[in-house]
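Next up: the structures, one after another.
Two complexes are shown next, each including chain A; its partner changes from chain B in the first to chain C in the second.
Let's turn to the complex of A and B:
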């Protein structure tokens, strides 16, 4: 499976501007993470929980969307129906997984969607249009590109550990951390070197104004999305 | 600061900030258990100090680490469920750590350990909402989601003096992490010429 920044926008039904996506991401994260559920807040939370589902469907990731919906439903059910009838240890056992899921999952799905659906060049162009300086833009795009790579590296490391039969048998936490972290750090150094070699061939360090092939334009729908996100955030803070 | 940053440096900033964030984040999951939440400021910098020291060995210029702090603060704010204060503490502590690094001319190992300790103070932003003027508001805001039982437990673990204990734990954790990181660097990276 391909992960990370992808330029594959032909496959989508609806493709908002990167800035609109970032606005939605911000709104969903801010609103979902606080756990309130009364009045206006409840309406906002329902909207924010539904948003990732709609967006995932719009990029044709039906399986992920359905899994998201099922997990979210289960967590909400656990929080609102099972939790009031439990107490003590059982209560905490229900509370913690459900609490994590309801608070974080929508935000993560939004992040996943945003990172997957914005290509690096789109992201850089959008950031440049927002007048973000280059010394923020470059590390940021590298960073978002690197998260999925880190996941892959981790799988490679744990596979190698399993092959040598040292996976879960390591009892000492510090040794375990060393076994996992050191190879990842090694590959991090290597990947950073490779990336800077790649950037050299792209002339990133040449200075001067860069031109872009991808076109970024705010349509009416994008403006509507941005305004909507702003209104949701304001409503959230006022109530 | 006057000269432009090289792209190689910026790429290092991006990659290592990502690594640092992931390490912090994975370690954070221990913190969902109420009692561990209090110990978390100690545990996180110890683990995260290891990649941090490798990052420090790549830094040769003032400002690089401050940028890393800005990015880390933004992403913690987005994904870490904290208030906007986290951005402030991340930036300030990264700036201070940058100053410490500069005082060691970016090569002194002692200054790197000290900087790791100073930078760990960003952790203050994660628990400041439990103290001072934010306390009542924060506790009331989570009663809704987590239930009264959890909140009472949390409140009983965190009297006001805990703030200073936790800040000290950050410093100590950062120090231990820095020392561990130095050991790891000496063991695995110096010989390979990677640090």
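Let's turn to the complex of A and C:
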């Protein structure tokens, strides 16, 4: 499966505006990272834990969604049912993995969903509508555009390592990391260089307002999502 | 009209010792390209033809820095003194590597990209895209992820992005390097359409046969100077012997002669059984129940993009664990995991397989036998480097080498690993004649060492220069498997010419 800005929108059931997605991303990350589990916070955390599942289903990544739900369920179960009955080392062994999962997994899955479901041009358009300047938008979009390329390069390098039985002979992890990183960096630097040159010949640096063939518009549902995210964040900080 | 008046340019480069150097540009070029002219620039690597394209689209001096003298003007306007986005309105550019010229991931967004930068209203862009798609017959390529396209399809999308804006001048820098013969024909059709619309086209290329009917003028470069200038009649009259002596690729595929090679064939075969493999998408893969190839042969693996050539190569190497196929070599059956120890692949982008800090270390890394001491390994490495003309570079960092030297370093590692099957993935894509011949000579050396060699390639001239067997794939299956002789070379040529 390819990570990075998605190629097309054919498989999407419900596609919120990029700004609504960013609002949800913010809310989920802020709320899930803190560990409170009482009263209003508990309700907020349950909503935020469920959001990535719903959104993953909406882009038809059923398998990922189910795995996410199972892992989250197991972590919550561990934290609330197993942890009280353990102590000492056993307690730490349960606490650390479960704690990390419950705090970070929802945020991570939201990130994954957001990056995967926004196209490069939607992102540029949305940022422009929020009056974010180009010198922030363009490098960021190039960075996201880069993830799938990095994936391709990594696969090629790891194939080459398998073929030369590197990994079996290299015991030192630092050397191993060097062997992976050096070829990837060399080729990504070259690709980035050529990509910049190609973008310039297409008039990217022209200045002025670009036009956009992709239409993004805040619908009622999007406004509701943004308002809901804002309310959740406010509630979270007040209580 | 494009006018170069006594133009010299040298790139600024910092060498390994941190000293600034100037190198590889053009030298005192005078050139006038009339409106509507189709000019082909050719010559060996580093001869200055790419530099000319960059001077026209303004990447020199606006992106690549160096020492520039003389003047470059388009319709009287100086390119170096015009901002690059102004030049971009007049000049469209297509580049060599389809992987690195797309800003967007979605094809439709990419085709619209240049138009969006020009602030054209969205409705107008959409109608332009629709008419371009109809004109170039690429409606099926719209709204796709570029990561799912073949090299040829990517190059078509790049051309479509230019077609939308329809600039007067189009420069192309080795656009056919990564294309198969079918995709080259499509590129030729696009270029022909542009020519008939009266566009000025400047194309830097090694592969020339598809430009024979299109070129109004061909310039052959050497060390930054034009050494030969041919008009369209002279271009189409060039025979194989003439292009060969000029050091350029042939103008026609039909008159490429086959190198007379001693067919010192061994009697043994390598057999493959049950090579069936499907990618996750369920569409692409290979299905080869039984196949026999000559041991010690030089086998060309041909077929269209997506026919399964690379997939077969990966499966033979043992890179796909799920492949159940068994390869029998010297009477020993080998499964996927065992094949990893017996096969070695030289990848198309050799940068992916060079890991260490010096060429000698690189070769020694492949010697995995733990009972041998480092001194012995080092001596053996030097011996291999000597054979491949790399002894001078033993202590050089592999990334500081030229493309051909890197490839030879990868070959040296393959020899050091003592594996008996060596696979090349497109070893000559984007190579000039001299370098192609050099690769052919290296492969012949490997052959003399008794290695079995498989070469995935689109390069007919290269096959004729060194291969002795042909394996042709179509939709994942073997359709032809024959020794390459004087009698069968016609069959091989017809595949490339009727694409």
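FYI, the second predicted complex is superposed on the first by the 221 of 239 C-alpha atoms of A that agree within 3 Å, B and C clash if a C-alpha of one lies under 4 Å from a C-alpha of the other, contacts with A are read in each partner's own complex, and residues count from 1 in each chain.
Everything below uses one rule, namely that a residue touches a chain if its C-beta (ideal position, glycine included) is under 8 Å from a C-beta of that chain, and two chains touch if they have at least 3 such contacts.
None of the values given here were measured: they were computed from a predicted structure.
Of the two partner chains, chain B is the only one that A:107 touches; chain C does not reach it.
By the document's definition of touching, both partners, chain B and chain C, reach A:142. Residue contacts after overlaying the shared chain place A:182 against chain B and chain C alike.
Applying the stated contact rule after C-alpha superposition, one finds that A:199 touches each of chain B and chain C.
Once the two complexes are overlaid on the shared chain, A:191 sits against chain B and chain C alike.
Contacts of A:212 after superposition: chain C is touched, whereas chain B is not reached. With both structures placed on the common chain, the touch criterion links A:165 to chain C but leaves chain B unconnected. When the two complexes are superposed on chain A, the residues of chain A that touch both chain B and chain C are 142, 145, 178, 182, 186, 191, 195-196, 199-200, 204-205, 207. Residues 4-8, 10-19, 21-23, 32-34, 47, 50-51, 54, 58, 63, 67-68, 70-71, 75, 78-79, 81, 141-142, 144-147, 149-150, 180, 184, 188-189, 192, 194 of chain B are the ones that touch chain A when the two sit in their complex. Those residues of chain A that touch chain C in the complex are listed here as 2, 4-10, 119-121, 142, 145, 148-149, 152-153, 156-157, 159-166, 168-169, 178-179, 182-183, 186-187, 190-191, 194-215.
Touching chain A in their complex are the following residues of chain C: 57-59, 62-64, 83-85, 88-89, 91-93, 95, 97, 99-109, 112-122, 125-126, 129, 143-148, 161, 314, 317, 319, 340-341, 343-345, 347, 349, 351-356, 365-366, 368, 399, 413, 417.
Across the complex, chain B is touched by residues 25-26, 29, 33-38, 79, 83, 87-88, 91-92, 95-96, 99-100, 102-104, 107-108, 111, 134-136, 138-147, 150, 174, 177-178, 181-182, 184-186, 188-189, 191-192, 195-196, 199-200, 204-205, 207 of chain A.
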